[in-house]
Amino acid sequence: MKLLKTLLKSKKFIIGLCVFLLLLFGSLIFTTISSHDPAEMIGFLYEPPSKEHLLGTDNFGRDVLIELIYGMKTSIYVGLLSGIIATFIGTTIGTTAGYLGKTIDNILNSITNLFLVIPSFVILILLSVSLRSRSLTLLAMIIGITSWPWTARAVRAQTSSLKTREHVNMAKLNGEGYVEIVLKEILPYMLSYIFMVFVLQVASGILSEAGLSMLGLGPSNTISLGKMLSWALLYEAVRTGAWWAFIPPALTIAIITFSLLYMNTGMDEVFNPRLRS
Amino acid sequence: MNRYLKYLTGKLKWYILTFFIAVFLNFFLPRFIPGNPVSALVAQMAGGGASSDVLDKLYNSYIQEFGLDKPWYTQFINYVLKVFHGDLGISFSLYPTKVNTILSHALPWTIALQAPAILIGWIIGNLLGALAAYKKGKFDSAFFPLALFINSIPYYCLAIILLYLFGVLLDVFPIGGGYSMQLIPSFSITFLIDALKHYLLPFFSLILVTIGGQAIGMREMSIYELNTDYVRYAKLLGISEKKITRYVFKNAMLPQITGLAISLGTMVGGALITEIVFSYPGIGTWLFNGIRQQDYPLIQGGTLVITMAVLLANFLIDIVYGIVDPRIRMAQMEE
Amino acid sequence: MGKLLTVKALKAYYKLRLGEKLRAVDGVSLTLQEGEVLGIAGESGCGKSTLASCLSGLFFPPLKYQKGNITLDGIDIIRTDKQTLRKSILGKKISFIPQSAMNALNPTLKIEDFVADVMQEHEPDLSREEAIKRAEERLEVLSLPKDVLKAYPFELSGGMKQRTIVVLSTLMNPEIVIADEPTSALDVSSQRQVIELMKRLLQMKITKSMIFITHELPILRHVADRIAIMYAGVFLEVGTMPQIIFDPRHPYTKVLMSSIIVPEKGMRERKLPLITGRPPDLRKRIKGCRFAKRCPYATDECRMREPDMEETDGRKIKCFHPLKGKEIKQNEVI
Amino acid sequence: MKLSNNTRLEVRELTKIFVSGRRKITAVDQVSFEIHEREIVSLVGQSGSGKTTIAHMILNLLKSTSGSIIFDGKDIKDIKKKIYWRNVQGIFQDPFSSFNQFFVVKKVLRDSFKILDKSFNNEEKDKIIIKALESVNIDPGDVLEKYPFELSGGQMQRIMIARIFIIKPKLLIADEPTSMIDSILRANILKLFEKLREKQGTSIMFITHDIGLAYYVSDRIFIMHRGKIVEAGSAEQVIMNPNHTYTKGLIEDVPTLHKEWILTKRS
């Protein structure tokens, strides 16, 4: 509650949040009530924007605007799910390693460092290559599984400093166990930080999906913003000047990530007042 | 110095272990691919007209050639041995070209594209970031959101937009490739000018993103440093702004150096998609081709080169950073 | 003995996030004579450190100047332009020993490089070598090891670092040194060494006067000539060291003095004063005497009107009902 | 003061070695002492002397490397932690970080019932909490629904002592309990420790760097230096007639009101 109240003081956070929620709910509501099939070919190849098709058609003669809205939904879905997975894994590993210390810490820390050094995009490519069919959820899981190490490292550092706090000792003297202490005495102190990390993970999940899609490793049988870009490149939209096929998805990705980063900046200013000059 | 060496060998051991695990992943993951890439390859090579007898023979010879008939651990050992001899195998899709050959032709293009963009972008970005932190006020409040916006446009989106604006709409730059099709790579003036024309657009798309990211990082570090106790004490002793700025800049710079080393390390794999957008003949474009044609020697080779570059860069960071920052040097010695 | 430093009705506040003002220094006047050590004592949050940093005339944000004058050797510090202040006053006429010694030095700069920077700032013609040589001589005079110059800050122990800072701050022979809790992070033996070093600088006339800010009264007993007691942004009592330590008149000073616990004879039999409550919130306007709420002698008058600072017997007291009596009675409980 | 000679806690050759990488640091080195029933002792040392490590080992928050701690005749290794903590409790230096800042005082105090063997419903708990707060001179209505950051350091430390009035342990380890509290409020806190002993017969061990404080409150004092206890004895004897050179130097370094402190002739 206190957290929320302080956050609402930040203009940057509110602007970022509003833009993000607008895009999320806009696409959710549209895709539920509309009867359009985004894969339906309703016109010829690369028809320029017109009254019927506000953003024209793509290489298969599909309506770009409708694709864009569906693509936005999938991209945000992948981002949120991978963000949740990455944040969850990172926080669990980080708190366990940081709190328990010793051998368990050594093992978990080595694993984390390993994942930090081997570029996650490489693992992402190798994993995606190994899968013939890539559903959205599977893709989001893979992205989540490859992007937790930074979170784990930071959470571990914070946990090992928080666990020496006196209220943690107090909780021990009250007879509380490991899980209770982590949940009650340590996690609340990192909540703001974890939330910030989560927002960043969502943004990076969206970018990873788009990147993979452009490498030809995107989700199967689904429209995403990255796949729209990938089609536009493969089918010469750029060369033929069909700007409506790639500028809108590119800008949409940029706006989503910008809104998330702006939220993050706002939170950073609220939680780390030192940055306010 | 002895202890420093000890520290370094310790680090080295760790990197070697990491390398082995990376090789293992690299070898193993693509083997999960359902279906048999060789049959796809054979079908592709033979076209539609060959008899099943011919296809079978071709199939078996490929299986043997790539060693796919042996158990996986034998394949793995062979793979590791080959990797250590610098042999990354033979490409499926461009049979019988060696993966080494493909990648060694691609690598210079990637590095030539990335290294200058990272270095120059890093310098400009850091200067701008420090300036924003130092000037504050109007400059900062105009500069910061702009930098943040540029930084949050994914680099490949920016690439596409630039490509369209300057390549198609204004038609001042070529829209793809590293050089014109009709030219043969050489060190002639015509070729170099042509290559430069192809170079500028991808270069700008990369440098803009680097500037944005570095500037934000540097601004934050500088603001942090400007609020430290040592800056206040220096001010109280009458030290000039100029000197204090120098202190702050140096200390804020140290983490940025790591940033530079990391970007240089991830350089090989850092702009795969920019290359794809511009059909630039670097690692990214080849990896893209490999993925589309399920050419896994090529995919493995590409990802391995990327991983090795990152490991190497990280190791270099450990060495250099230990020398540059006295605090770290001390901490390392004590370990 | 002339007046070196005069502060008149100084007010400064911190600008808080929601536009609130925290009036940390709320009308302080003081004078510092040449050759004198003035102690400023008070508990955490009373504004004593803020007062110290005001004296530099720099007002680091979010601290803001509101009112009043600071005059040093006839120079109006607040209205002097920043360049002159920096070049000819800070570090040269008036110098500071900061509270957070642990972080007061640039971690990536060797002490000798900082020495050169400080001295060349005030004597542009000085070469680096000469500056370092002078610093070496200074260390020798004070019988401190010369090799600290070659060290990085993190290579020094806490006590050594603080002594180094004392030397750095006095390199230019400043007339006034302002020491803000210079020993509060140190153990007792380092504390004593730092304070002895500061005393020696005064005796050798390297520095002329000092303002010593601390919450530890037993230290002031040995260091200060005069003591000012600060509470909630103002001085409540100012007098000579013996007056304040052994014969306090303001009820707050009295409570403060009788709360002192030191390892000496009779201490175990002494009864300590039991008082509760906390100082007023400096974000709000305070009506009446600032100590009234906790003061056992407070009357309605105290709660309604703030007393003025009045001078009697060479001491100043801000109280309607000052206490009388000469010695601290051992068993007196307020 | 009636002192019984029954030993409450006995520490025998207690040692703690911290290992970090290849370096070994002996924080506590073969320390032995005992604390009697209803006794107040102080363990005095400078930072890094190992005094807090001892406190953590006695509180069973940290395992010793060797040696033993015997409580009421039983090695604490053989006592269930929950049962041990019913009998041995702690108060720490920083009242601000002793509280979980996300919970109100009522919740913090209710949590302390977890260690007791009897179960209480919230109503019963609150009755006991109110009584405990009154024992430490705090108006319950003032604090129960408040968050730690709305309270002063002195209030919080008194609430921590109220927690001890609830648990009623036989031994209390107080690690620098007044070092972050304004000196004019210190007496309040010290008075409460005295009350704990009078009312509940609690033995108290102060861990402190403040020699004056140790002298003022303790029956006996142990002086610690580099992991070892260099001098032990009654407060009067250790402080007024120290034997060990380290103790002598330490006491000399503390400024008092009536003895000259600065040796200006030293050069």
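Per-chain numbering from 1; labels A, B, C and D assigned in written order.
Note that a residue touches a chain if its C-beta (ideal position, glycine included) is under 8 Å from a C-beta of that chain, and two chains touch if they have at least 3 such contacts.
Small disclaimer: the values here were computed from a predicted structure and weren't measured.
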Would you mind naming the chains that touch chain B and likewise touch chain D? A, C
Steps needed, at minimum, to get from chain B to chain C via touching chains? 1
Let me check something: if the centre of a chain is the mean of its CA atoms, which chain is farthest from chain A? C
Between A-D and A-B, more contacting C-beta pairs sit at A-B
Closest chain to global C-alpha mean, per-chain Cα centroids: A
Using Cα averages as centroids, what's the distance between chain A and chain D in whole Å? 48
Taking each chain's centre as the mean of its CA atoms, chain A sits from chain B at a distance in Å of 22
Centre to centre, by mean C-alpha position, how many angstrom separate chain C and chain D? 32
Rounded Å distance, chain A centre to chain C centre (Cα mean): 52
Mark out which residues of chain A touch at least two other chains, giving numbers and ranges. none
So chain B residues touching two or more other chains come to none
Partner chain A, residues of chain B touching it in the complex: 14-15, 18, 21-22, 25-26, 29-35, 133, 136, 140, 148-149, 151-154, 156-158, 160-161, 163-164, 167-169, 175-176, 220, 223-224, 226-227, 266, 269, 272-273, 276-277, 287-288, 291-292, 294, 296, 299, 303, 306-307, 310-311, 314
Per the touch rule above, chain A residues touching chain D in the complex are 165-167, 169-176, 184-185, 188-189
Which chain A residues qualify as touching chain B in the complex? 113-114, 117-119, 121-123, 125-127, 129-132, 203, 207, 210-211, 214-217, 229, 232-233, 238-239, 241, 243, 246-247, 250-251, 253-254, 257-258, 260-262, 265, 274-275, 277
If you look only at chain D, which of its residues touch chain C in the complex? 46-47, 137, 152, 154, 182-188, 190-191, 209-216, 235-236, 239-240, 249-251, 253-264, 266-267
In the complex, the residues of chain B that touch chain C are 228-230, 232-240, 243, 247, 250-251, 254, 325-327, 330
